[in-house]
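Sharing a structure below in structure tokens format, with a few things to ask.
The first chain written gets the first letter, and so on, giving A, B, C and D; residue counts start at 1 in each chain.
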Amino acid sequence: MLRQSSKFSLLSTALLTTATSFALMGSAYAWSLEEAAAPYKGVTIRTIGEALPPLEAMSKLAPEFEQRTGIKVEIEMYEHSEAVSKVMLDLNSKRGRYDFIIQPHRELGKFVTNGHVQPLGDFLQSAELRDPEFKPDEQLYQRLWKEISWYNDQVYGFPFTALSMYMWYRSDLLGDEKEKEGFKAKYGYDLAPAKNWDQYRDIAEWFTRPDQNLYGTALQGKRHEALWYEWLNFLYSFGGDMLEAKSGSECGPVIVNSPQAIAATEYYKSLKAFSPPDTLNYFWDDVMALMQQGTVAQLIMWNDATYAVAVDESASTVVGKMGFDTVPEGEGGTIAQAEGWTYLIPTSSKNKEAAYLFIQWMMDYDQQLRQHLNGGATARPDVYASDEVQKLPYSKASMASNEVAKPKPTLPQSSEITDILVRELSSYLADEKSAKEALDRSAEEISALLGSCAPMKYPVQ
Amino acid sequence: MSKTAANPHGRFLLDHGSSLPLILPATLLVLVFLVGPFGYMTYTAMTDLSFANPDQKGAFIGFDNFRQLMRNDPIFWGSFWLTVRFVLAAVCIEFVLGFAIALLIWHFIKRQRLLTTLLLVPMMLAPVAVGLIWRLLLQGDFGMVTYYLHKLGLLSKASAIFSTPSLVMPAIIAIDVWQWTPFVTLIILAGLMSLPKSPFEAATIDGAGPWRQFTDIMLPLLRPIIALVLLLRGIDAFKEFDKVFIMTGGGPGTVSELLSIYAYRVNFKNWNLGYGATVAFMVYLVVLILCSVFYKAVYWKSANIGGR
Amino acid sequence: MNRSYKILAVGVLACILVITLTPYLWMLLTSFKGRLDILSPDPRWFFTPTLDNYPAVFIDKDYLPLVLNSLIISTASTILSICIGAPAAYVFARTDFPGKEDLFFFFLTTRMAPPISIAVPLFMFFTLLGLTDTVYAVVIAHTTFNLSLVVWMMRGFFAEIPREIDEAAMMDGRSRLGAFIRVIIPMAAPGVAATAVLCFILSWNEFLYAFILVAFEGRPLTVGIPGLITPHGTLWGQVAAVAVVATLPILIFTFLVQRHLVRGLTFGAVKG
Amino acid sequence: MAVSFTEVTKRFADGTTALDGLNLKFDLGEFVVLLGPSGSGKTTACRILAGLEHPSEGRIEIDGRDITNLPPRMRGIGMVFQNYALYSHKSVYENIAYPLRIRKTSPAELDRRVKDVAELLQIGSYLHRRPSQLSGGQAQRVAVARALVWEPTICLMDEPLSNLDALLRLHMRTELNRLHKRLNKTFVFVTHDQEEAMTLASRIAILKDGKLVQFDDPRTIYRRPANRFVAEFMGRPAMNTMDGMVENGVFRSGQVTCRVQCPDGPVTLGIRPEQIVLGGDEGFAMKLDVKETVEPDTLLIFTNDKGTLTVRTQRDCDDLAPGQSVNIHFPPDSLHYFDAKTGERLR
């Protein structure tokens, strides 16, 4: 925890200075979007992102922006990895097709170190462009913003979605009197949403009843990034990490094979026994479907996917029967794995200012609220605090989770690190090797990949 | 017979001058848009180019990548041998099954058009769609095929295909067999239909029973067709990507990490393009050598296309 | 005796046909199911059909233009492949020149490299030429990669036409090119049709090059399919709807030229 | 010691009837030629004997043993196919050896037999070649060698010479004749060429529309054709036939007039071109239409409103020119009489 706080102090000092300067300028004269956008009237800006509800919401909002500014926004929607590949190809060909992009923050290091994206400092200080009402250093979850959109203490964008994972559980099952009775008789304490991992496993065991087509939990065990995302929750919570570094953009010793990490990984696999038989074939899609079908009692899942399970009756059989809470507590405390998609402006963009104006406008409370209510995940606490959002059954858990979100590497090699871990974790789940072997191997490869800045803290004998 | 005797008009009909404009566009297209990128790839293979790592801007490093690949990349070689085993298993099963079905149709069915058209369906579907269909069918909880496998007791209730490492490759092979056996059937069937009758009658008269006619007459006569089918299927199976990627992503662990999936990760996940090009080059080289040996040895000698 | 064998054989073939077609049938059914029916643990063969998936993907998600894009790309690359490949095939079928078989083999080898591993070099190359994000890029790519197929198939078809036909046409006063276009091509029409259909199908089904080389607004149906697999759940019903629409033209074409297609696929190794 | 077809009928799936109650019996050791125009059923008869086709009705016997349902390999019959049907993927040696290999002949015996038959057919020097490297005549010999090598009792030949050029055909014909004399096996030879039939056969079976029309030695067939069909089918040029009326012992048909020895009424008269006599006082006059020289003979074609009359003569015809009127005489001994309606021979 010491490491965390020291980083925080550094960031907040930097922020404080910028904030004051913004405030000074903001009071100078009245700013309006129409005026600021006047020079760019008639321009068309193009962006790309993952085909998900928040992006669809954005495409519904864009005409409004066009009406006010005369700037047309074209939105390209692709599948997750397609969106990433398309951007990589475009940035490296330097064609400048996209005026701004929406990308997972993990990619940031690649973009920044190769000079593909524009720092936003100039825009934030520009009197013409900067909306004085827009105060990211006050209005956003600071930790999430730093995690998602900053690199090497420079700001490159704002969160498009600030995602975290938390615990989903069936409140109807956990609240059932008969279940409570039986559970207490067996485990000696009251059945309630899990507070720690032992309880989590007990509950999983208790509800695993294949004959009733009910399982305690479900792992996203397919060889897919989803596996890594889910595992990170366990890793962090058990007090482990991948690199010993202060921020995502920093390199540091490899600690992915620490005793904590091994314990987390072994615990993670132990849940396989309480998961449906096909659990090694699941990624986010399948666990969603299982939850919607009411086959699973509890699992760790994304906050932005909650809507389709907890609210959408056309897709879910468990509307009204769901409860949400932060990831159970472990040795490392209560920590959630945070992920986000971020707005970025490529250096090859031909309409950077117009793009900035649009992004800034999208970050407004009104737009954020509408996006959030359509299945997004805002980075603005004030949006979470609104009545409409509070009505959603999962808002509390989401907010709590956002508060404890933890960064992860955004180095240029981050996707390769992910790839190594996905492969090795999947090997472990498939009984090809032990947890230690898998993590040792990962550590070796990651250390070799990152070079001298990343020695192995737990060398393999 | 000498070549001139077999082809008395060859030179008269199209001399070099008049054939050039006919063949030029194709050659140019291939040279520019295939040899071009291929040359680029070959060059890239000798650089350290990476889209991810800012320190690797594409410096020329000679054969370092090749050395790394040959000596120090167990995952590549694991994928390589897995792919070889996959190709052998899938193509052999497809061949035997496809041949048997072709014989059945040839022997018993007179009106084949509708039947053969319907058989074409699986191979005409987009690979992306095939992968998704089978992912849906074999999903452990709501997959239709899984349900019946469980019902029939062919699969333990407590397991599912893609979560059981030992079943993953057999399932992938089975799906490949599902998709491509009809292709083998149709081509072999076309071969059977075009077989002359008289050698079989001669063999009947000579006293050969059905089995000896099959081994002594039919198989040798179908040799060019068989070679063709094996060649085409072999190449395609070697390139298999979409289905497996969508269904398993190469896992669990590395049990289904075929070469193309490995190549995908190097290129599109790690953006390690220099090394990716090296992998591509090696794969191309292996396939090329196998094919030319096969092609020269078996196919070309027996099926003298166009050389009449 | 013979009769019972026949019944047995027909039975076996019927089973094979059922196995072959069931997945497609299931996809068809899925496209008319709601999400709860799709995810039901026991397979639902009978259910209340819904037409929602089709408008949901083609209207709401605006996938309708993708059908048109697919058509444009496939048609253009097919026409180009035939126009460029057929003359080359004709030369291979009719002349002998040193290195002919090597050149022919070279055309064939262009199919051998796994697309996934040459996709990036191809992209970089097209960027160099300034062609990326245009329809031309993918049309050229598909044409190049289908060319070997055209040359291979058409060579077989042309070889079946007696040389005397060429000679007769030339005696009638046609030039060589004229003889090829006016006489030989029409005679090989079924073969041309089969080859064209195969090119069309390959281009229509192709994913990777289309994904990499074409801009968003020009992307074909195959590239649109993965967009329906989201962290908020795979939209199986819509995936199935797209797959059904994507396979319809293929099935129709296949049926029309089925006989020649099979013969064409054997690349002239089968005569008649 | 005989082969017999009894009431053999063959109907194909498409409805055509290839054989229609065929009855035929011949002795072993004969050289039987099945002759007929295309579609007459001769090939079908041959294939039924071989066992390649199964008769719809009727019975086939060899030596009184019913072989109708016997598979081909149990019949002891060898066969030469029209297109030779050599195994293109085997060498000449292996082609010839194949029937022996099937019969599990010992290697030494096999080699001896192949070499013997190859020598007999003068193909000993080609044994290592592939069928595609052989000329038509050589391939033909290989096919015959393969059919004979295992010494079947009967050797069937289905138009074996029709794919050879004219000169080679004559040569092979002689060879086959010699072979038959030497081996003393039963040869059943199918052809549509009457000249081949005449030169090879000990007996010719003429088929028409799936039925046996006549089965006799070549001389009888030539001299006493059983009906008008046989008469017109055999001989080059074909026999002249004319429909006419006999009144008071005189036959008339257009300008043709001659004395005949048959009752009054309609009759079809036939006479072979080579037996017509030119000049003299008897007979009648006709106008010469075309003159063709086929050294040493000359063909004269006369035309009138009822048809044409062909004459083959050895006499010097330089004095004759088209348009000229020539006197023609039919010697009474050379005349054939056929029923005007049925075409059957009258005497």
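Note that in this section a contact is a pair of C-beta atoms (placed from the backbone, for glycine too) under 8 Å apart; a residue touches a chain by one contact, two chains touch by 3 or more.
Just so we're clear, the structure is a prediction, and the values are computed from it rather than from any experiment.
Q: From the C-alpha centres, identify the chain that is farthest from chain A.
A: D
Q: What are the two chains with the most C-beta pairs touching?
A: B-C
Q: Would you kindly tell me how far, in whole Å, the mean C-alpha position of chain B lies from that of chain A?
A: That gives a centre separation of 40 Å.
Q: Which whole number of Å gives the spacing of the CA centres of chain B and chain D?
A: 56
Q: Averaging over Cα atoms per chain, report the distance between chain B and chain C in Å.
A: 16
Q: Report, in whole Å, the distance between the mean C-alpha point of chain A and the mean C-alpha point of chain D.
A: 94
Q: Hey, what residues on chain B touch two or more of the other chains?
A: 141-142, 268
Q: Please set out, as single numbers or ranges, the residues of chain C touching at least two other chains.
A: Residues 39-41, 120, 124, 226, 229, 234.
Q: Give every touching pair of chains, nothing left out.
A: Every pair of chains meeting the touch criterion: A-B, A-C, B-C, B-D.
Q: Taking the touch rule as given, give the residues of chain B at its contact with chain A in the complex, in rising order.
A: Spelled out, the residues of chain B in touch with chain A are 51-54, 139-142, 146, 157-165, 248-255, 257, 265, 268-272.
Q: Provide the residue numbers of chain C that touch chain A in the complex, in ascending order.
A: Spelled out, the residues of chain C in touch with chain A are 34-36, 39-41, 120, 123-124, 127, 132-133, 211-212, 215-216, 223, 226-234.
Q: For the complex, which residues does chain B have touching chain C?
A: Contacts found on chain B: 3, 7, 9-11, 13-16, 18-19, 21-23, 25-27, 29-30, 33-34, 36-38, 40-41, 44, 101, 104-105, 107-109, 113, 115-122, 124-129, 132-134, 136-137, 141-142, 144, 147-148, 178, 182-183, 186-187, 189-191, 193-194, 224-225, 228, 235, 238-239, 241-242, 259-260, 263-264, 267-268, 273, 276-277, 279-280, 283-284, 287-288, 291-292, 295, 299-300, 303, 305-308.
Q: In their complex, what parts of chain C are in touch with chain B?
A: These residues of chain C touch chain B: 5-6, 9-10, 12-13, 16-17, 19-21, 23-24, 26-27, 30, 38-43, 83-85, 87-88, 90-97, 101, 103, 105-122, 124-125, 140-141, 143-145, 147, 151, 155-156, 158-159, 163, 166-167, 176-177, 180, 201, 204-205, 207, 221-222, 225-226, 229, 234, 236, 239, 243, 246-247, 250-251, 254-255, 258-259, 261-263, 265-272.
Q: Help me check something: in the complex, which residues belonging to chain A touch chain C?
A: 48, 50-53, 76-80, 82, 85-86, 89, 93, 95, 97, 213, 226, 284-285, 288-289, 292-293, 295, 302, 304-305, 307-308, 314-315, 317, 375
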